[in-house]
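Both complexes shown next keep chain A, but they swap its partner, so chain B is in the first and chain C is in the second.
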Partner chain A sequence: MSDVATKARTRTVPAGGDYGYANARIRGMRSRLLDRSYLDMLIEAPDVKRMVQDLADTEYGPDLEETLIHGVDAANVDIALKNNMVRTFQKVLGFLNDDALYLVTTLLGRWDVFNLKTILRAKHMHLEVDEIADGLLPAGQLNEVDLEALSSVEDVRAVVDTAATWGLAFTAPLREGYTEYMKTGDLVSIELALDRYYAEWASRRLARRGANAKLARRVLATQIDVGNLVMVLRLQKEDVEDIDVADFFLPGGAIVGIDLYQELAGMSDIDEVLDRLRGTPYGRTLDEAATLFLEQNSIAVFERALEDLLTRRTLGLAKGDPLGVGVSVAYLWAKQNEVTNLRIIVKGKAVGMPTSRVREELILV
Partner chain B sequence: MIKNRLAKWVFGSTFVVTTLIPTVAFAAEAEAASGEWQSYVAKAFAAAFAIGVSALAAGYAMARIGSAGAGTLAERPEVATFVIVLQALAELIVLLGFVAAILIVNMPVTPA
Partner chain C sequence: MEEVRPTRSELLERKQQIALAEQGMDLLKQKRDALLIEFMGVMDETLRLSESLQKTVAEAQYSLAVAKAVDGTVTLRSAGMATKSEIVVDMTGTKIMGVSVPVVTKGESPIRSSFTRGYAVTGVTSRVDETADKFERILDVIIEYADIETRLKRLGEEIQKTNRRVNALEQVTVPGLKEQVNYIRQTLDERAREDLFRLKKVKKKIERKKAAPRTS
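After this line comes the complex of A and B, so read on.
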């Protein structure tokens, strides 16, 4: 992962820590995000064609117009939505000041990890390039072209080699995990190495003075906490005994340190874990999800609840300092959330999913 | 961040008040205590200080409002009038400083 903040700029942007211009612009863009009633209207649309007509009057209009020349179908709408998101992210990163750009790109690094993990999983399962593209979200520093190139290589080894050829900072964890992968045939080692690398890399980059860096550290720490909690819950569900749980720990969390992590992992069942977490900021969210867990018996329920909490907290940053980095971080998360919701609606429409089910799938926070 | 800014503003305002008021008081005292020319010099300094500080403050405010206004106009050109009004509001600061400077200069010189 190269240092984007030091990359050459094609035009002048506010230097240092002047957030006035960028934040005012982002607030203007934020006013054009789709509200809940608009999403409801799209859900109620009888088909994809009607949905496209409604979306044509919004920010997505130009991207839809450009992509739908090839035909109005769910796949093309999906591409248009992704294009819009990429364009918006590039636009925002283009006018952020140096300080904000540094912090925001560090936080967006999580999408690079997400995309790399998606490609590795797909290669492990020998999926086609088109199928992989569906699960990718080019919101990080690896753009759509990079991701397409990585998706089209032959296997997991080729992904690692390509990353090394490009000189990606992720090469070290990929190589480290790949050695283990060769022995076990299990992708967990690579995924874990990537997660740990990102957690350490981002924590190091955000270890700066100032309120904005502190805010970004808070977002990162919550992300890491969520990752650790999901891992603990998974380990509890799988009831594994012959492994060292500390190997799965990600450093840099706010609440879940190594001691609490090991204590939680050593507990007898999920109920005990939830009891122990009751006094923490995650207790209420997990308690609320516990009912659904009893019905579905899937850890995905907790994962979804914790991810929603993370999104809600990140979106809440917009209400903080009006001249801080929170405004831009919150907007980018809100935009990504909106595009994810629209993609869910489009796919739901395409496969004839009932509207009630589509509503359940949406991430409305 | 907000706390830091507030601290800066409180410090700044205290500095201005504690410097400006004694200067004006000194001008009045100088008039009473010594000759006429000293009081004119003191008044000139006080007036210069009043207009100088308020002009700097107005400049700072206009720069911040201007950059935010430019950002807003880039995304929402329909609020141009509102942005211009906000930009003009900051000019009031320097106008008030100007009035204060005039009042200081026109203070009557009372003989000792």
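After this line comes the complex of A and C, so read on.
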């Protein structure tokens, strides 16, 4: 854990709230993001090989070169894209000022939670360290070395103890969930505790004064709302009984509080939920996705539409806040969206997905 | 031809054997027809399940491709690490027209809800969850398919076996027995003719002997 602990000490960037340096660098990096016409060209490429040739001339070149030694296929391109994203995120975190670093790492804390959950799952299943690495994405505060060290411990108990020794923010939910895990042998309790804690912890950290914290809070709140809305829709589709829906509620949303969440979860069907949400900022998006839902009978349709909304809103922040943390946050979201788009295009081509379906899945902003 | 004693008792025995073989052949033909009716029913069910399996696999593969594309392999691998389950399958047996057929039944459906897959549903997208659901549906159909396919295979084997038996009786055993009956019958007739001829000869000789002292 030494890396995370000493990160602040070893950084040589402007301290405090000077955003000029970081934003200038990010604007440079943003100019290298791939535009819509480039993605269109990739979609029309005849095969994955040609896509890789085209991508080799972009920012992704070095990562592709390193990974594709093992063969040019969609799986290796996926690894290269992941490596590029991780590298870019770590690079951005490296030059942010203290204020921005605090806000951005709070937002990226979801990746730390994701990685912790992966390690817990792997330990629960007694997997080898090499196998665990395939399920990790060190885009948060815990870097590759930290995660490797955490992956090397013996069991779930040791992960919880190591997190406590390192003083990780997520020690409390790990301990809380571990007690339940000991009783049931089921990881769900730890995972739920982690997800809930992250929402509370991040909301608390971002409850600061100032325009930058407010902006980060808006991103987080929208993200939590999206999570809660998808959860409600999943509960409606599953039509499960004997579960307490409140267990799956994440606090800290902007619109979907516990009362609305429970009201929505208690409704008779998805149509009623959509009716109730009409008039909220999510109503139109969900209504538009409803037709596709009727065709496909998949909640993923709503989830993708809400992800689209979240991405567009977050990217819009840079325009509204050209001098603050909005630039960094929007860039990181844009980068993640670009990687997702590229993955969809490459995978779509590899499995022979129709281009119309590929375009449906893309979030083009 | 096997060595046959051309006696009247042997002839009777062979005739009885022919009657028995023909009776057996009729029974086997009836069994074969009944098995064929059963086989056709099972065949329809197998075709239905096979189509269902193909459709389910195609849907699951497509879902997996979309989930891999949108969420990334990393997310899928992570979710995959969380789910652990065993599939309980009950194996019993039943008899169809005397044919032992294993019966494979699901102890518990492999299709689980999003809340019992081993991961917290709050941290996994619905794409990944729906993909898991579709693969569980494959398992569900596979178990049904295993049951019906084994049944089909056993019935097919039994039909073949019965057919071979019918053919053996019809083409080999009964014609062989009939040939033996013919042989015995011919031999017996021959013997009867010889006896008759000999008796006539003896009769002539006796008559000649009787006539001789009168002439002398």
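Quick notes
The criterion applied here is as follows: the second predicted complex is superposed on the first by the 276 of 365 C-alpha atoms of A that agree within 3 Å, B and C clash if a C-alpha of one lies under 4 Å from a C-alpha of the other, contacts with A are read in each partner's own complex, and residues count from 1 in each chain.
To be clear about the criterion, contacts are C-beta pairs under 8 Å (C-beta built on N, C-alpha and C of every residue); 3 or more make two chains touch, one makes a residue touch a chain.
All values reported here derive from a predicted model rather than from experimental measurement.
Within the superposed three-chain model, A:G109 lies out of touch with both chain B and chain C [touch as defined at top].
Once the two complexes are overlaid on the shared chain, A:P173 sits clear of chain B and of chain C alike. In the superposed three-chain model, the partner touching more residues of chain A is C, compared with the other of chain B and chain C. Once the two complexes are laid over each other on the shared chain, residue contacts for A:F248 go to chain C alone; chain B is not touched. Contact residues of chain A toward chain C in the complex are 75, 78-79, 82, 113-114, 117-118, 121-122, 124-125, 127, 132, 134-137, 186-188, 191-192, 194-196, 227, 230-231, 233-234, 238, 240, 243, 248, 250, 298-300, 302-304, 340, 343-344, 346-348, 351, 353, 361. Interface of chain B with chain A (complex): residues 1-2, 4, 64, 67-72, 74-76.
By the touch criterion stated above, chain C contacts chain A in their complex at residues 61-62, 65-66, 68-70, 72-75, 77-78, 80-82, 84, 113-115, 118-123, 125-127, 129-130. For chain A in complex with chain B, the touching residues are 14, 18, 20-29, 31-32, 95, 210-212, 321, 323-324.
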